[in-house]
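Paired with chain B in one complex and with chain C in the other, chain A is shared by the two complexes that follow.
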Partner chain A sequence: MARLIRTEKEVEGRFEEVWLVVEEDALDQWPAGPQAIVGRDATRKDALERVRGEAKYTADLQLPGMLHAAILRSPYAHARVNKIDLSKALAAPGVHAAVGPGDAKGLEDEAGYAGAAVAAVAADTLAHAQRALRAIEIEWEELEVVLDPEDAVKRELYTAEPTTYERGDFEQALADADVVVEGTYRTSVVLHNSMETHQSVCEWVGDTLNVYISTQYVWGVRSAMAEAFDLPADKVRVVCEYMGGGFGSKNDPGEYTFVGAELARRTGRPVRCALSRRDENTAAGNRNATIQKLIVGARSDGTICALGGEFVNAVGWTGWSAMTEGPLQMLYACENVRTVRYGAKINTPPMKAFRAPGFVEGTFGLECLIDELAAKLDVDPLELRRKNYASSNDGKPFSSKNLMECYELAQEQWDRRHEVRSRSTGTWKHGVGMASQIWFGGGGPPSYAWIRIGSDARAQVVTAMQDIGTGTRTAMAQIAAEELGFPLDRVEVSLGDTSRGPYATLSAGSSTTPSVGPAVRAAAADAKRQLIEIAAQRYHVEERILDIKDGNVVSADGNVNTAVEKLVEVLEDAQILGKGARGPNPTGMSVLTFGIHVVEVAVDVETGEIRVERVYAAHDVGRIINPLGARSQVEGGIIQGIGHTLSEVRLHDPESGRILTTTLDAYRMPTIADVPEIVCAFVDRPDEHLTNLGSKGLGEPPIVPIAAAIANAIRDATGADVHELPISREELLRALQSAKEKERRGAHAAV
Partner chain B sequence: MSDLKLTINGHSYDVRGARVGVSLAQVLREELGMTGTKIACNEGHCGACTVQIDGVPTLSCITLAHTVEGEITTIEGLREHPLVDAFVQADAVQCGFCTPGQVVSAAALVAANPTPSVEEIRHHMAGNICRCGTYPRIEEAILHWRD
Partner chain C sequence: MELTRPSDVADLDGGIFVHGGTEVVPLVRDGILSGAKLVDVRRVVPRGVDDGVIGAGTTLAELEVDPQIPDALREACRLAASPQLRNMGSLGGNLLQATRCWYWRLKYPCRLHGGDRCHAREGEHREHAIFANDFCASAHPSDVATALLALDARIRTTRRELALFELYRVPDENDRDVVRLEPGELILEVHVPTVEASVYLKAMDRKKWSFPQVGVAAARVDGTVRIALAGVAPIPWLLDSPEALDAATPLPRTEWKVPVARALVARALATLG
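Right, the complex of A and B next:
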């Protein structure tokens, strides 16, 4: 029965109360462990077309008569357009239309960052469009530029009001602590840099707007475009079958799509609007910089009794302030916690969600702090974490938590540290570090799936979700095949089109598999029930003794054993249709993912060179659908995280606010030569309270703890307390120097 | 504007009135519809546009189409290469946008050296960026490309 409920919905750590229609989910979970198809390696359903270059991405789409748009961006970090003249651009060769501030959403007369969109033209070719941009005449008025996030906080320049949190009596607990450790941790701006830049092709057909876009959320684009152009939502069709990466940056249409649709409306022709790589490095979103002032108090037995943090998120001109304090509030069983978080509004490009926004940054600070506490207490860092294990989240029970099992799995790796340290020779020091992972990833309603089975005994899952490269299409096929009792090669998945399938959630917040997967299973169960009803009528047996296994209809008494093809061949053009919905999340429970990374590093204390040699990762994300794809997610998250930790940083000029690193030459992402040995393990235990699958998401968890684990390994190897990301050679040499001075002072004190 | 004559994947192509200064990647994608060759940075930093010219991996986004004299091999000409199945089996593909370029680079490597070591793979493939981080799978696919 459909029920209307008021419930809390979480996306990327942001909670909101929403009304939802949910259907009760009556299916029991499958038993733990690998099933016939679920829990076993499956190569990707769409691997062949992607590898062979046949998959058509938005970048590959060429529509007849298509024009190309180019966007003029502000050269100033803060300025107002006092006057703009588009006439010369309009008269330039090949140009068909030009728009300025106010003509399309995203084009504004106040530019709040260098790279903000101001005007745009559509022309026969991109080269024509780019040339025409130079003919746009603008009279700029430069405004005050604020770039220092702490300065912004002092002046109360916020993107939203500060967020405070307190439990217990933090002040008293800190005063009573035997040991106190504090530190300031900084993380820098890093960029998604998906291989396919942000882009879309917009086309008006009759009174309908078709949007082909590289997006993580076809439904979000649909509603945003409908609102912007004052259309009924069903008059907007959004299509994204393949997309070249997003990592959180492609959850909304972006100014390029609003501009493209407006130019298409004005010209009556399809318009492509694609960001160049340099624009991608400037205006496509980022993981914002943070400053974290943290303090921990503990009793001499290692019990953490007070945790406090003041967090500044350097959000940028717009964007939202992610929950950087989340790990500090949630990871440990500390009774007295106080946090405050500021979102600084400064004249830098806006943040966008980036793979576990806030928690990546916050885990770096917290898990480094905890290791520094362990050093001060002279206790084993892993033991310290076991001792302060949280058994509930702010009073809420966990739907499932197997972090202790992750610690058990990692123990053997952790025990290697004595052997690893002994490899140190000369200036090269070796060490081992660890960090814990906590993050969301439970998904939620609504999401729906349909399934159709024809007389060829093949099943097509239809759901308007996206596969952004995580392998969700394959996971959905596995879930459907498992439930139906079909071989995997008899199931296909149709996705990525708002006009051709029911609503499915966005591909962000590690939510696709835990949100859409249960709906797919429910749809498959609905279809299977119908197959069994038909079989009972055809073979004159009771439904209750019939089942479908490996593509055969079988009866418990052994009298029926027939291929499903035989059963359905009489259907001809008739089809069996199943439908399924995602049920609600367990009420009153905290649904989270957990894990641990153990990292081995080698550090040259003379040059500051750091080599990550080995990463062991154990994650608890409930039931694993596809171990092959899951391993790829873990490796990919770790590699991206190594980039954030060691080499990636987006720099801006501290005076003008202009972005200095706009190419892939300057913005240094990991290559194959930078990859350490990566070993991964999963607890693989279904969350018994979460849906008919017991699965959580895995897109984000692997990137969460890696930076802190690397920093802690550096401390183990060298004694240096790293406090800043990326850990450049300068930062490492600074930390080494300060460790040396600390040691000298310690020696003096001993004398 | 001037005409172009290109040999691609063993076939001869005439491109009429190609703009002087157009890149090989643009000609392949926009004039000839061979969109397997991707453009990700358009300035020679990422390797997504890799094609072979006389067997040598070449960045087609910074190669002027009019300067090409040799035989061009694109992903479209390598669709039956054993590396394709090796990539599929090893799960050496996530979003897939860089993958055709990875295969084209890898094909040049294994043609010259059918049994490359891990070090040789890392050296040869370091110019092909994969933001999803499929590198360990790519390494595995190339190590076992003939299995």
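Right, the complex of A and C next:
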């Protein structure tokens, strides 16, 4: 039965109260551990298409008569277009249309950052379009530029009002503390740099707008385009069957799609609008820089009694201010907490969600601070974390929390540190560090799935979700196959098309599997029920003793044992249609994911070279659907995190605000040579309160703790407290120098 | 743009020379190099190693596995760029590659582009120079040129023969170029003298595909050691002695390069024995 409920919806740590129509989740969870198909390694359903180059990405799409758009971007960090003349561009060879400020959403006459979209043209080729951009005449008025986030906060230039939080009596608790540690931590701007740049192809067919787009949210693009062009939503069709990464930066249509659709409308031709790699490094979103002033007070027995933090998110011209204080509020059982967070509005390109936004940055600061506290207290960092284990989240019980089991799993790795340290020789120092992970990832309603089974005994799961490259297509097939009792190769998944399936959630916030998975299972259960009804009639047995296992209909009394193919022969053109919906999340509970990373590093204290030699990761995300896919998520998160930790930084010119690192030789992501040995473990225990699967998402958790774990390993190896990401050679050498001076002062004081 | 493929030195007549294209193509695409004619010189420039003479058309990938050449050069080739780039990039082209200074690459009207200021000096310059950085703070990115400088190599062009150190010049008010080649002059060969021992060490931002933050080449001939540095000056930098690092003039955010250079120089000398 459909039920109307008032519930809290969470996406990327942002909460809102919403009315939701949900269907009851009537299925009991499967028992813990591997099932016939779920919980066992499955190679990707689309692996062959991908490696053969047959998978069609948006970048591969060529429509007849397609034009190419190029976007003119502001060279100024803050300026107004006083006058613009598109006539020469319109007259340029090959050009079919040109648009300026106000002509399409995303083209504005006030550019708030260098790289803001101002105008665009559509032409026969990209080269024609790019050349025509140079013919656009603009009279600019330069406006005041603010680039320093602390300066913005001083002047109260915010993207949103500051957020404050307090529990207990922070001041008093800090005054009563035996030990106090404080520090300022900084994280830099880093980029998603998806392999497939942001792009779409827009085409008008009659009064319908078709949008082919590399996106994490086909339904979000559908509603945004319908709103922008004043269309009924069902007159917009959004398609994304394969995509080359998003990491949070492709949740909305982006100005390139609004521009492309408008140019397509004006020309009556399909229009491709794709960001170049340089634009991708400039105007496709970023993980914003943060400044975190943190303080912790503890009793001499190691009980953390006060935690405080002042956080500045350097949001950019627009964007939202992520919950950087989240880990500090949620990870430890501390009664007295005070935080304030500012979202600084500055003239830099807007942030966009990036794989656990806020928590990646906040965990770096917090988990470094906790290790510095452990050093000051002279206690084992892992023991300190066990001692301050949180058993509820601000009074709310956890739907499930197995962080202690993660600590248990990691203990053996942690114990390696004595042996690892003993490898130090000459200028190379070895050490081991750890950090804990907390993040959301429970997903939520609504999401729907259908299943279609015909007389060929193959099941097609139909749901308009998108697989952003994480392998969720395969996970959905496994869930359906498991519930149906079909072999995995008899299940296909049709996805990524708003006109060919029911609504499914956005692929962000580690939510696809925990949101869509239960709906797929419910649809499969519905279809299986119908198959068994048919079998009962055909074989004259009671439904209650029938089951389907490995593609065979079997009865408990052994009288029926026949292939599903034989059963469904009778269908001919008839089809069995199953439907399922995602049920509600448990009320009054905190649904979170947990984990720990233990990292081994080697540091050359003379040259500042850092080698990450081994990463052990244990995560608690409920039931694991596909261990192979799960391991690959963990590896990807760790590798991406190593980039942010050691080598990646997007720089802008402090005077003009222009982005300086716009190519992949200047913006340095890790190469395969930078990837260490990675060992993964999962608690793999279903969350008994969460859906018919007990599964949470794993897209984001593995990137959360890696930076702090590396920084803590560096401290273990060298005694240096790094306080800044990336830990470049200069940051490491600075930290080493400062440790040396601290030691000298200490020795001096002792004398 | 017109593309020509001459097969004889005598047929060379202006234009932009291109060999592997790993540097010239991006510069043309970005409008930093412009002209009407692109001249593919692959049929003109010799390729291969013959004793101490290396054809300027030899790729870095060929050099990195060649047992005939000194360690410093081989190692400099191996540590440069990525395998794909080394498969295409030629020795001659590598010697002439331009700085990675982001201001220069983004066509800021800086001194190297003929303008009147160095944007890097007041701006972002963590990758920039610690020597000769008063006029222009750009850093020369060639590992290979630095190794050859330490090896005291000579080059033969279409017009003359000169020592490698004579090829480079620090840019100044009157001449913004960092090389002394005349228009239309093309490097044909590199002559590498025999040395007793040589070494190249490199500090990078990641393990592969990183230009030198600091590269150190050292070579010993007849008991005399020559040291050269990459990534520390607008040109490959000859260091008179390890103590010459005391005379470095780092910018606020290039100070870190000095201790790194010091450590690598000490290690290079220790390796030479």
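By definition in this document, the second predicted complex is superposed on the first by the 751 of 751 C-alpha atoms of A that agree within 3 Å, B and C clash if a C-alpha of one lies under 4 Å from a C-alpha of the other, contacts with A are read in each partner's own complex, and residues count from 1 in each chain.
Just so we're on the same page, a contact is a pair of C-beta atoms (placed from the backbone, for glycine too) under 8 Å apart; a residue touches a chain by one contact, two chains touch by 3 or more.
Every value quoted in this text rests on a predicted model; they were computed, and no experiment measured them.
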Touch check for A:637: first (chain B), second (chain C), both, or neither? first
Touching A:647, do we find chain B (first), chain C (second), both, or neither? second
I'd like to know which partner A:318 touches here: chain B for first, chain C for second, both or neither. neither
Between chain B and chain C, whom does A:670 touch in the aligned arrangement: first, second, both, or neither? both
Per-residue touch tally on chain A - higher for chain B or for chain C: B
Quick one: classify A:56 as touching chain B (first), chain C (second), both or neither. first
With the two complexes superposed on chain A, say which partner A:244 touches: chain B (first), chain C (second), both, or neither. first
Could you tell me if A:661 is touching chain B, chain C, both of them or neither one (first, second, both, neither)? second
Under the contact definition given at the top, report the residues of chain A touching chain B in one complex and chain C in the other. 663, 665, 670-673
Please give the residue numbers of chain A that touch chain B in the complex, ascending. 43-44, 46-48, 50-57, 59-60, 62, 127, 192-197, 242-245, 247, 276-277, 468-471, 628-629, 631-632, 635-640, 663-665, 669-673, 675, 678
What does chain B use to touch chain A in their complex? 19, 29-30, 33, 35-43, 45-46, 48, 74-76, 79, 84, 87-89, 91-100, 103, 121-123, 125-139
Would you tell me which residues of chain C are touching chain A in their complex? 82, 100, 102-103, 105-106, 119, 122-124, 126, 203, 205-211, 213, 253, 255-256, 259-260, 263-264
For the complex, which residues does chain A have touching chain C? 427, 606-609, 646-647, 651-655, 658, 660-663, 665-666, 668, 670-674, 728-730, 733-734
